[in-house]
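Got a structure for you, written out below as structure tokens; questions coming shortly.
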Amino acid sequence: MTDVHPEGGFSTARVETLGDGIFAIVMTLLVLQLRIPAGTLARDFPHELRQLWPQLGAYVVSFVVLGIYWVAHHNQFAFIKAVDRVLLWINILFYLVVALVPFSASVAGGYHEQPLASAVYGGNLIAVGLVLLLHWRYATSKPALSEPVDPRLRREIDRHILMAPALYVAAIALGFVSTWISLAIYAFVPVLYIVPNRVDRTLDEMKAGLR
Amino acid sequence: MTDVHPEGGFSTARVETLGDGIFAIVMTLLVLQLRIPAGTLARDFPHELRQLWPQLGAYVVSFVVLGIYWVAHHNQFAFIKAVDRVLLWINILFYLVVALVPFSASVAGGYHEQPLASAVYGGNLIAVGLVLLLHWRYATSKPALSEPVDPRLRREIDRHILMAPALYVAAIALGFVSTWISLAIYAFVPVLYIVPNRVDRTLDEMKAGLR
Amino acid sequence: MTDVHPEGGFSTARVETLGDGIFAIVMTLLVLQLRIPAGTLARDFPHELRQLWPQLGAYVVSFVVLGIYWVAHHNQFAFIKAVDRVLLWINILFYLVVALVPFSASVAGGYHEQPLASAVYGGNLIAVGLVLLLHWRYATSKPALSEPVDPRLRREIDRHILMAPALYVAAIALGFVSTWISLAIYAFVPVLYIVPNRVDRTLDEMKAGLR
Amino acid sequence: MTDVHPEGGFSTARVETLGDGIFAIVMTLLVLQLRIPAGTLARDFPHELRQLWPQLGAYVVSFVVLGIYWVAHHNQFAFIKAVDRVLLWINILFYLVVALVPFSASVAGGYHEQPLASAVYGGNLIAVGLVLLLHWRYATSKPALSEPVDPRLRREIDRHILMAPALYVAAIALGFVSTWISLAIYAFVPVLYIVPNRVDRTLDEMKAGLR
């Protein structure tokens, strides 16, 4: 792995470091949507504070979703040994859609009764998921860039990444029926990624099979 | 320590790096609560500036409290040698409650005469303390994750971490009598953690005993 | 490479690390220009959201431009082996103009029909490009600071860096004819830097010639 | 150098890393004071843009001053080999006053015709300088924490650090005569630190004497 332009590559460490910075800032900027309007009188403060529940929900869900994508992105780098020009730009595109989350989360928190707000939030998260899938498929399709990955594992990781965007499509569509269903899906999806999953089981089986 | 997903772990360095970024940003975002309202006329500027004393107090106390938790979190990693899935998510939960501090501090600074604002701030800091305790107890309960810790030391660290949340419970309760008592407690708690304490003495004794 | 003042130098790693932090934050702060005005009623939300297209465009273009300059700056450090006082301050000047981009991008997004806004944005990006050129020329003119660079390559990199500022001058001038031409140029310039270019071909030829 | 609490120390690398993050964020947040008021009409935009000159001045001067203090702080760590509890908290205090600069700079930019605003800005920078001096004096007074420093060099560094606070006291005082004098001093002080200075000459002489 090299950091040197003359050899046409860019170090994986550098790309991950930029990502660590961006994830840390994006996760922290989420809090800016939580604010009592300037000039709120003392006697209106309890009311304004209660009004912030949807924003707090959007904060918690988005923080956890970003945590999941931060972990997933780093896990992919366990297989990636070099970054070419295309992969570099896929990474920057990934950071570009990740950095939009504080905006889409503030829309989702601020206008949670509107299907359109749910669509903005879901659309942003779908973009994050699809770019992560592109990142995975591109990197593992080039032997020069990644360690060989067992085809079964590769397919399962594909499906694991796609699960969230598929559910977010459902969340957006059902949002036009009831935004509460939509919000329930947004709250529920992260749980699927935090508990042990099929990819972990396959990895365990592969390790057991090796013994 | 490995960063590699196939082995089901995540490097301690990575988790600490994300934390360094988050703490640096959270501490710096605290300053955003200090602002002269847009459109303040020159002649009203001295008045508006004086109005910022409570916010400046909230800034200083919160900055120091975050400094304490940053140090404490790193100190725990002196004993931690690996991060499993549960510990990873305890860390992300820790960062989630830490990243709320700029919000709760701005509430405490902006509405310092309201017991409810004191409760929001205290509640946030209690959550930070309890998640840190959970982090410590979980990590040190698994031999695969941490160096063995002397039981007496472990208990003293438990108590040391719990001291702040206990005092914050008192601050919230007494805030309903007088918010000034509450503010005094918030200002006083960090002092207890900056001066040398019982945990340090135990560590010194243990080192002396080893000789 | 040394970090030690007594020897009058400053490590390249340190300077790059500050830059990584600054780029990550600047790229992330771009999102703050995307906001629904506080107090927008639910029924006006779709309208206000549609109003954000110019800001979203400014976000995407600026994010990609910053990505390009982040890559270019690091690529220069592939040749740089030490940082003297002058080069240190050229770097800080580079970060100073880079950190202005969230402001100039918000002006370009918010007032995209005004030639003056286009000039502010273009002027900022010209400054970034020219300071990067200064960085490259100064570093490679001092044998103590950089690896020797083939004169042909050096000239091509000069020209490659200057291409963007030249096009931005055109964008500013044509903005007084039509801001749409100006915006098209801003959207188009990054493409020139993402696709493989003459500098890459020269590097490939040089490597081929070496074999 | 150790990161381990049981030995009562904290790594210098860790403290510097937090500082790199804080400086990068503080320098970048300075840009938030540059903003066209929300709701400015297109025809008022040129006027509002021109109004931002003082803020742009405060941005540039503050960015450079922070660059100087970032360099100075790292240069001190060239001599520091360990961080004890007191030095750790001096560092956190240093970051606390550094992180206030975006506030005091926005005050100085927004109310540049008011001596009080100049005093807030100058007072903040005096605090930064004095805490840096405390950092230097404390660290170099403990043989366990730092390399031995030549007494003549130590005194010159003392004086070099004190120069800025002394000039800022003058800036505050003269601000009550004319804020223009005050602003000229703020613009001028950084120059003294960017050009080669007496400390550099002493270091050169010491190195020459060694040969």
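Quick notes on this one:
Chains: A, B, C and D, in written order; residue numbering restarts at 1 for each.
Convention: a contact is a pair of C-beta atoms (placed from the backbone, for glycine too) under 8 Å apart; a residue touches a chain by one contact, two chains touch by 3 or more.
Note that the coordinates shown come from a computational prediction; the quantities given were computed from them, not determined experimentally.
When the partners of chain B are compared with those of chain C, the chains appearing in both lists are A, D. The rotation relating chain B to chain D, fitted on Cα atoms, amounts to 90°, rounded to the nearest 5. Taking the mean Cα position of each chain as its centre, A sits at the greatest distance from chain D. At the interface between chain A and chain C, two copies of one sequence, fewer than half of the residue numbers in use appear on both sides, so the contact is built from largely different positions.
Mean C-alpha position of chain A lies 26 Å from that of chain B. We define each chain's centre as the mean of its Cα atoms; on that basis chain A and chain D are separated by 37 Å. For chain D, residues touching at least two other chains, in rising order: 21, 24-25, 32. Against chain C, in their complex, chain A makes its touches with residues 3-8, 10, 14, 17-18, 21-22, 24-26, 29, 32, 37, 85, 88-89, 92, 95-96, 99-100, 102-103, 106-107, 110-111, 113-114, 116-117, 120.
Chain A makes touch with chain B in their complex at residues 20-21, 23-25, 27-28, 30-32, 34-36, 38-39, 42, 45-46, 49, 59-60, 63-64, 67, 70-71, 74-75, 77-78, 194, 196, 200, 203-204, 206-207.
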